[in-house]
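Order of writing sets the labels: A, B, C and D. Residues in every chain begin at 1.
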Amino acid sequence: MFGIHAKGVYPIAPTPFAESGEIDWASTDRMVDWYREIGATGMTILGIMGEAPKLDGSEAVEFATRIIRRAQGLPVLVGVSAPGFAAMRSLARTVMDAGAGGVMIAPPPSLRTDDQIVGYYAQAVEAIGTDIPFCIQDYPLTLSVVMTPKVIQRIIMDNPSCVMLKHEDWPGLEKISTLRRFEAEGGLRHVSILTGNGGLFLDFEMERGVDGAMTGYAFPEMLVDVVRLSAEGQRDAAHDLFDAHLPLVRYEQQPAIGLAVRKYVLKRRGILASDAQRKPGSSITPAAKAEVEYLLSRLARRDPRAAKLV
Amino acid sequence: MFGIHAKGVYPIAPTPFAESGEIDWASTDRMVDWYREIGATGMTILGIMGEAPKLDGSEAVEFATRIIRRAQGLPVLVGVSAPGFAAMRSLARTVMDAGAGGVMIAPPPSLRTDDQIVGYYAQAVEAIGTDIPFCIQDYPLTLSVVMTPKVIQRIIMDNPSCVMLKHEDWPGLEKISTLRRFEAEGGLRHVSILTGNGGLFLDFEMERGVDGAMTGYAFPEMLVDVVRLSAEGQRDAAHDLFDAHLPLVRYEQQPAIGLAVRKYVLKRRGILASDAQRKPGSSITPAAKAEVEYLLSRLARRDPRAAKLV
Amino acid sequence: MFGIHAKGVYPIAPTPFAESGEIDWASTDRMVDWYREIGATGMTILGIMGEAPKLDGSEAVEFATRIIRRAQGLPVLVGVSAPGFAAMRSLARTVMDAGAGGVMIAPPPSLRTDDQIVGYYAQAVEAIGTDIPFCIQDYPLTLSVVMTPKVIQRIIMDNPSCVMLKHEDWPGLEKISTLRRFEAEGGLRHVSILTGNGGLFLDFEMERGVDGAMTGYAFPEMLVDVVRLSAEGQRDAAHDLFDAHLPLVRYEQQPAIGLAVRKYVLKRRGILASDAQRKPGSSITPAAKAEVEYLLSRLARRDPRAAKLV
Amino acid sequence: MFGIHAKGVYPIAPTPFAESGEIDWASTDRMVDWYREIGATGMTILGIMGEAPKLDGSEAVEFATRIIRRAQGLPVLVGVSAPGFAAMRSLARTVMDAGAGGVMIAPPPSLRTDDQIVGYYAQAVEAIGTDIPFCIQDYPLTLSVVMTPKVIQRIIMDNPSCVMLKHEDWPGLEKISTLRRFEAEGGLRHVSILTGNGGLFLDFEMERGVDGAMTGYAFPEMLVDVVRLSAEGQRDAAHDLFDAHLPLVRYEQQPAIGLAVRKYVLKRRGILASDAQRKPGSSITPAAKAEVEYLLSRLARRDPRAAKLV
């Protein structure tokens, strides 16, 4: 259940497109079923990596509604970041009526000072309504908004409907420790923290106190396993699996072309029928494809799931 | 007519709201009629100053449609900048079907290199269709995208549907001269150039070769007069009128609170029933109101139109 | 005396260069004498507009030392912003030993959060020593660091050696009022506030509670007069004089080319022998020169000092 | 020899400090000897990671001079990026006189357009003199200046003294391929390309056509081996070694704290006597130290050099 005790893995779902540019509904259904089968505890749609701005309003609602239904009760978190509060409210209320578990809100790049950031979340919550659970997205590399632990603390304490932090600051390990220390000292109520950044630091982030991952790596099974192994205290096993995937994780986490790599791998794995992106999209060159194939072949030696390609 | 020979003044229209946050249709109609009466040659809506992102999709279409009809043939330019091309295309085609004169496209803040900027406009034109006349918005201060004269040249030459440049680089006088020199030397076809920046440099911009103004100063009559006087070669008279308004022009041109000042003056002038903004909005303190009143009283000594307040 | 009660006008002094690129010492002396004669209460050197980064270390010290001596007791504030604290400390201690009144410190552009900014000033003060009076430079447009009133309050209250704020936020009128309200309510000790931004808002800034101006407008006599008239309560007279200069103030305040305009006017006024800048410098085209001449001729009708050109 | 045919590994040398903040000359000598012993083909000092701005002018010269002598003929590349050309020229000529192999120049963050970047390098070369071989630093993540392949091509073709590109764009694999394709097609003369980014993509960068690495990873032996293995065509062996180090490479490559990790590891390896940084410096928490120790222990199983700690 999406809430302050959420754990596990919420894959960031890409939006599957056909070569024609239309949403590929068959791939969408297959992807959702697959997330459920591999042990995802929820999923996130219409995020930055989900090409959300390339959908028009009605497409976004149709896509969200379809996934919510198909998820059969698995909580679906919907990105509702928008240039204005009218659009944010409209999308948030519509998807919640359709059964979404909650929404994710990223700060707009223009925010600079602590008070501006805190004030923005107060206004966003007023706009969408205090009854909708939401997740803060803390992603300075892409959004250029820097939130200190104290700012996150203020947002959480000011807004009871804040239930989760998507952590993708970089570097971020000390930030996680600081937030959990605030909590231990009584200055911060508990919220779920799931981490992003393509999973690049998941191994240590788990040990610093996060509850799992919310990212789009094309082998979410690895994320599920590492989260489980780490939670069980199997440190070496968690790192062994993580390290086996790290060369590909790193390759996928390249800005701008990461989504192209991810969709290509998901296509090779039989989840997506096409790796097409709507414009303006990134693409993957033959040289890059060959590199990904090489990475997959090396990974397959240590994780057999990488050998099952179509 | 909106096109490469457009001249005069296209006021940037604010979106009138009631205190309740609803669009104020009576003020909207009054404002459009007033623009026509004072000699505007067109008008621009849903721009950055028009609080466009605060309207949801259906409101934006309703607002545009109402203004287009009310303008009775005066060309209406509609801002269609959007995070994605699907929404841009959708809004552009809808307003053109409703009778808009053309659209205005601002580059997204993430663009950096010359090729990225040129490529973005190519994709935008492909998205909306090559049959829709469009205006480039060159506004580095707010958009953080810097276009050299050569980049503007490439966009104009690559895209026959580009008919206008909204110039608000700062400093920008040499840029205007450079573009007009490109044209004189045969390297650039003619397009209309209207200037923004609150009109702060309109006096000299006219002398550098622009065709008029596209900005939201609350006394668009001054813009109309200065453009006319300058076009007639009445240099001193143009500067005398401009200088009389400059203290208020400068005050209105403050970032972040400029719109609040503008709406306050438009309310005092009887055009808007309220100076309300939708959230997140700026507001004007009692101290600032007193300053604006003082500026209006001083202006009234030199321009009687500033004495007629309600 | 440079300190918490400093009032009046501290011109931002340009660095005079000969056409050869060498420092022009004769012009330097003439400029300093002139500042004293027109009633400046201090002066500021090696600021952003002073081409400080174009001097090497020994030149900067020689320039500062010469001006400090020539100023005959008028306090000289020296910009010591540097990429590292070693260079900042070295320059600060050297110029203080030479008799400087204090130093000015701008935040580096990388700072984002409130705590980062406050922490930076704490480290800077530790580096230069707590015995050197310093001025905060708050200039977001150029430095891209946004300081809230609360951040400025923290810096002032944390560091007893902070004696002045150079205010050039934009918009900034409410910030001045907020800081003075903090002071009236007992939450902030008094410091001097001098304003920059080329003087573009000096008329109202005085009324909001600043103590004067620190900026480089090429007619500092106007700044001196407006500060005096405003302090005497002669509101209309202050605005009349200010408004007469506003067209040129605005023209000079253009980023990137402002210094070229300023040096050109100072040359026309007989202060500088040359308007040369060291590379990378801006220059002024014949068209811009003609515009400045026109502005000067118009100004001369209302302020005879603009008629005395060489 | 530093030049267009430079190959191999140029470690980015940190500046060793004692706990007191003084330069630690014994560690400096030991570090230089060590670089020579492990097969570095050159070294780079006073770079961004070298805490260059924290040295004052005379320290920088003394540090450079000492290293150049100690390097016994191994080419030393010196970072000379500075806020102004006077300081850049002064440092560049001084270190060249002392025997440096060449200099490295990063673009200042204010540059935006293609022409601005090309123009900056032209002015820098004019300032330092056309007789000093230089390396372009292409590092958008930290410098926020984005250079297209065409811009790099223009800088190389315009300036015969440009002999090397330090490549640390991200993502950057296609950029390398594009530059090498320009060269193959005859549009670009050959220069050496060494890659940075902490080595995070060195495995594939070698395969795309770079000549080696210039980065500060605390096991430069790995960089040397991977460059050699890759050059010999031993692809799997190169990747095997690289992948073994990747967990630590990734950990070290975190912005802001990377240098603290690097210095800590170099201290554990017996190269540096202290991991102290001058202020403002980053530090490494006990939790982070424990993580690094764990990474070292895991690495030691696959690379015995990681087991030799002091």
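In this text, contacts are C-beta pairs under 8 Å (C-beta built on N, C-alpha and C of every residue); 3 or more make two chains touch, one makes a residue touch a chain.
Being a predicted model, the structure only gives us computed values, none of them experimental.
K.L.:
Identify the chains in contact with subunit B as well as subunit D, in label order.
P.N.:
A, C
K.L.:
Does A-D or A-C have more contacting C-beta pairs?
P.N.:
The greater number of contacts lies at A-D.
K.L.:
Do the two copies subunit C and subunit D share over half of their interface residue numbers, or under half; same or different?
P.N.:
Over half shared, hence same.
K.L.:
Taking each chain's centre as its mean C-alpha position, how far apart are subunit C and subunit D in Å?
P.N.:
39
K.L.:
What is the distance in Å between the mean C-alpha positions of subunit A and subunit D?
P.N.:
Result: the chain centres lie 33 Å from each other.
K.L.:
Once you find the CA centre of subunit A and the CA centre of subunit C, what distance in Å lies between them?
P.N.:
48
K.L.:
Which subunit A residues sit where two or more other chains touch them?
P.N.:
Residues: none.
K.L.:
Report the residues of subunit B in contact with subunit A in the complex, numbered from low to high.
P.N.:
Contacts found on subunit B: 51-57, 59, 82-87, 90, 109, 119-120, 123, 126-127, 278-280.
K.L.:
Using the touch definition from the top, list the residues of subunit C that touch subunit B in their complex.
P.N.:
Going through subunit C, the ones touching subunit B are 170-171, 173-174, 177, 200-201, 203-204, 207-208, 239, 243, 246-247, 250-251, 254-257, 285, 287-288, 291, 294, 298.
K.L.:
Of all residues in subunit C, which touch subunit A in the complex?
P.N.:
Residues 112-116, 146-148, 150-151 of subunit C touch subunit A in their complex.
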